[in-house]
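Chain IDs A, B, C and D follow the sequence of writing; residue 1 opens each chain.
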Amino acid sequence: MRPEVLHPATLSDALAALAAYGEEARPLAGGTALVLLLHHRLIAPRVLVCLEEVRELRGLQFAEEGIQIGAMVRLQELARSPQIRERLPALALACQEVGNIRIRNQATLGGNLAEADYASDPPIALMALEAILEVHGPNGPREIPIAEFFRGPYTTALEPGELITAVRIPLPPPGSRMTYLKFRTRSAEDRPCVGVAAVVAFEDGICRELRIAVGAACETPQRRPEVERLAVGRPLTEAVIQAIAQGYADQIETLNDLRGSAAYRKRMIEVHVRRALEEVRDGHRSFGADAGC
Amino acid sequence: MAIGRSVPMRDAEARVRGTVAYLADLRLPGMLTAKVVRSPFPHARIRRLDPRPALRIPGVVAILTAEDFNRPGAPRLFYGVDRKDQPVVARDRVRYVGEPVAAIVAETAEAAEEAAQAIEVEYEELPAVFDPLAATKPEAPQVHEDCPGNVFLHTRLRHGDLEAGFAAADLIVEETYTTPPACHVALEPHGVIAQWADGRLTVWSATQAPFVVQETLAELFGLPREAVRVIVPPLGGGYGGKGYVRLEPLAAALAWKVGGRPVRLILERSEEFVTLTRHAACIRIRTGVRRDGTLTARQVEVYWGAGAYADITPRLLRGAGLVRVVGPYRIPAVHVDAYGVYTNLPPAGPFRGTMSFEGAWAYESHMDTIAHELGMDPLELRRRNLLRPGDRFCTGEVIEEAFFLECLEAAVRCVGWDQPYEKGEGGRRRGRGLAVMMKSTLPRSRSECRLVLWADGVLELHTGTVEMGQGAHTALAQIAAAETGIPLERVQVIGPDTDRVPYDATTSASRSTSMMGTAIREAALRLKEEMRRRAAPLLEADPEELILQGTGVMVRGRPEVWIAWEDVLRRHGLEALEAHGVFETQGGLDPETGQGIASPHWHQGAGACEVEVDIETGKVRILRYCAAAYAGRVINPALATLQNEGNVVFGLGQALMEQILFDQGQPVNANMSDYQIPSLRDLPEVLESVLLESPEGSIHGLGEMTLPPVAPAIANAIFDAVGVRIRDLPITPEKIWRALHGE
Amino acid sequence: MVIREAFTVRASVERVWAFLEDVPRLATYVPGVEAVEETGPDRYRGRLAVRIGPISARFEGVVRIIRREPPARLEAEMEGQDGASASWVKASFLGTLEPAAGGTRLACEIDLTLRGRLAQFGSAILEATARRMIHAFAQRLQEALESPHAP
Amino acid sequence: MANRERFALHVNGQIHVVEAEPARRLLDVLRADLGLTSVREGCGIGVCGACTVLMDGRPVSSCLLLVSQVHGQPIVTVEGLGGNGALHPVQQAFVEHFAFQCAYCTPGFILSIVAWLEQTSGQDPESLEEYLSGNLCRCGSYRNILKAAWAAARNREPSRL
């Protein structure tokens, strides 16, 4: 039998519903992953808790110190938001690369993170942006730094009954440039074989901070701070870039799937970390003029 | 003139309004839903099958298992267009993952689904084999008890003295090419509705071959042909996947078991990947050539992986499987050995470009290897050897209409083959490639039609040709209009419905415009003859004195003595005048020598492209692609160009990304995210289409011609760019990268 | 898919062998195993709960030891079925033991095939899940063998 | 059917009250309950676009949306385009430019182009790709589809939705 659908209007009602049904309930955000699992009978929950009307999960807020994104904000809105494009282009680029426009119109940032699909773009960008996930659950609110969130493919640090309510992204240091590169091996609509997000803060041509996140080639998005540090205090020369690219390729355990073997992905990490850094060094990727939406 | 005009598809408005009723849109009163229970094992004995728990589920109406076929009056269990080796549902043994072991009919899809899970089946797994070459080894597991060695058919083509040919060669090149199973991925899945009423079986099916379905079902149920009616709605894509017989026996058997209510079976997307695939092929090709580029001998050995059931493969192996792997070249000595091999994979069958795609992949890549070894321009090598009018092909046939070189030259013109070329330096290199192909159409097949002229001036064309998006009904109506002189707006197309239209073999092998078109011309001639005969007494003249003028008849030399067709009918008190048209092709090859008539005419196409290879990733960008086909007389240029372009898009998928992946027989990418087809962002940056016309030429189908050259043209361009030869499809970035970096 | 895992434990070959042979006890170290009982010589029946991403499955099946060469080599076969997802799992297990500096080197090779609806979920995630389970199993085994309270 | 509920759906300018299980897909409700058969199942996983509908003007996959996820937003299918029996300009452009073959995918493409025209300036090739690349046409009519989209953009009139 198909599940019932509850429509709480507040966060506390949503949490109460999840608590009441425990294992038999699933939160329903955009539904692009969940409806698929449901329809193909891979899951059979008794209750779906639809988050669409939960006020606390909506909205984008921009402040001096950062950007706060409600968990139910759609990926297309992030891809198209002029402020996100200006201030966090890596996130806009990553969101723009997800699936197709219909998926992006439906899928939410919170749902995307909670699903923890290893072959997804936004988590990689958020990893490089050092996002903080605001989570509410039966034991109250807590914050989870994104680096501690992904525990494996489709596995997160969320406890039973917990919901992501918002994603907070501290603004990168002044003088930062960033990008997100997606490498596909099959059709132009494919998921990434490798995704690379790079955020670099420059001061007078010297790299003050460098963050690289790599995903889709491995079970969860990865950063290697010890490799990132190779760049700090130096200009991004070819040699530095190559050392970082090499370091990421060496240190990340890659996986095999339809989009490429583990061995190939190691080399593709090297290539795309390098290309991402070259792009950042040489300037932002620009967006098309037609903002739409 | 109705021919040569780009008129929109007949039901264009319904198509853009979304009101075309495909099979899934048909609703019949009391219609039930069916669901197939499939084997999870590639090869297993069925130890126990207990449908009882499923029968207890509310809403379940009937469950079909092999047991039912033992009942008196039951249909036969086994069918197949050639070898009757395929059971409607498995008995005792399953031979591929996805093979039907039972089927459920229920009031709702939910009940059918639940019942499918409740059926208890116990399997005992048996050793299985998946690769066609491995299947021919002595130690390989046997897929069918009656076929030791798994080769169910070996056909041969023998032309000239092979030994002498190789002896005369300065260079002998030998290579092996492979193609994997692929899926048609018509966006509309397979679907059937079947209903028994008053001893008659009616089947609505998304099929490309209504008369083959009729014949097969009549035979299975021991009925005369007329007791089976097959109605075909417009298809949401076919590409060969809906050719011959697919779900119809199962749906008909379910309807038989239910006895009266219509039963609908529509596949889920994942089931499409285990219903019919492209052949997994392994092609060994060896060619002797003189230093000046003259080909002296060619030997081809092809292992066609047919999957668990022979399906159409034996029929293909007696023609297509031999002649479509040689290439359009003058070669004094040619030997081909084609093996039809059973494996524990889903059955393989017709697939847009059937066996030409695989053949051209091998022989056109191989031609470039030869050119490279000779240090000769690939175009020049082909110029020296391509068949010209009057040349004899390896089947002994003389090729009269030969435009291979013209096709190729038209294609290469678009990529500026004669111009100096800059391949680039650094990380991105460019290259150009070309390929040409020849494809047989079906010999020994028949198309019939009926033209009915009504007194109100409407001309009905009754045809079994299936409209699956290729615009066949539009092109055929144009031919009917042109041949009768009746304005196109007054031509209506009826069918396909086996009760209402005369026989047609199948809508496949790009045969319809040509064959059905010829049948229409035949019918039109008869209609006009009949009109003259009827008009003669009315005009008080001899029929011989009469000529047709517009949609009327007049006496030669006396334009004032004229009568409109409608008036001829009215004055004779006729509601309508009918004429029948038949066109049949002869021929066929001797299976031992491959000599005879392989094809009534030859499909000819070429492609040329320019690619850019990213050396660091192996990723290929198609900068420019030009597809050229010999089109003979073009009926509808816009629709013909669409076919041509569609071939290229389809071919890009097959070349660069498509492959059903199996892990121990289990498909692991049976969905449209894991199995990808091209989107518009995968189009070449420039895509050109050339149709070579010859006003006096015959009418040619265009559904496939420019598809087979796509993969070898790209592979040849990659070789030109970076010196890497890929021999196993699809050409993935990783394969190129591995070849470049020696890993 | 074939998964290999090898590690060295501070215990004698004989002790590790004895541990491997005791299937019901060994099974307690496999994450997700719910019950194992002996049904005959070298025959066991058991249940394994596993989460593959968002999907929960519970396989019921049998384990057979098909070859043993004490104390060096053990081969076993497992087969199980999950009714709810209409999926089947089959695995062959090959464990080899050899003395190594400071103890015993245990190498496992597991050839795993999944069939049915779960198999369509994607090979990478299945492989990751299996690898994770085998890794956890190896770790627990190592801990147990090195623990002073080990049996 | 146990847990059926009533839903008031705003489809093609009309309110339809349907009784359905809340976790039924919008695709199934549109096809089976409202008879809107232009909305078609292709892949069932949101990849192909054959089941595209506009929700609040935005293209979405009705195979990935439960009926209870529709919270009063207007839904448009191609049956709701045009007016007084006339073709919508995008539909007209599809006919004129031979932008289809089997046409199973056509309604989805048309709706995506309508959304592109309504939501963007309708002048930027990148945004057209953004709106269209998620609709798949196995017959390969892409070039003519693009031509039709540009033709519709050139002749565009004020919103007809």
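The working rule: contacts are C-beta pairs under 8 Å (C-beta built on N, C-alpha and C of every residue); 3 or more make two chains touch, one makes a residue touch a chain.
Note that the coordinates shown come from a computational prediction; the quantities given were computed from them, not determined experimentally.
Taking the mean of each chain's C-alpha atoms, the chain closest to the overall C-alpha centroid is B. Taking each chain's centre as the average of its CA atoms, subunit B and subunit D sit 31 Å apart.
Centre-to-centre separation of subunit B and subunit C, using mean CA positions: 48 Å.
The centroid of the Cα atoms in subunit A and the matching centroid in subunit C are 34 Å apart. Rounded to a whole number, the gap between the C-alpha centres of subunit A and subunit B is 44 angstrom.
In subunit C, the positions touching at least two other chains are 84, 122-123. Looking at subunit A, one finds that residues 40-41, 188-189, 258 touch two or more other chains. Shared interface positions of subunit B, defined as residues touching 2 or more other chains, are 668, 671, 673-674, 677-679, 681. Interfaces, counted as pairs of touching chains, are A-B, A-C, A-D, B-C, B-D. The residues of subunit B lying in touch with subunit C in their complex are 40-41, 97, 117, 125, 270, 663-664, 666-668, 670-671, 674.
Across the complex, subunit C meets subunit B through its residues 1, 83-84, 86-88, 90, 113-116, 119-120, 122-123. Per the touch definition, subunit D reaches subunit B in the complex via residues 37-45, 47-48, 50, 77-79, 87, 91-92, 94-96, 98, 100-107, 110, 129, 132-146. Residues of subunit C that touch subunit A in their complex: 51-56, 84-85, 117-118, 121-125, 127-129, 132.
Those residues of subunit A lying in contact with subunit D across their complex are 1-5, 7, 28, 31-32, 35-36, 38-40, 48, 50, 52-53, 76, 96, 99-103, 105-106, 188-189, 288-293.
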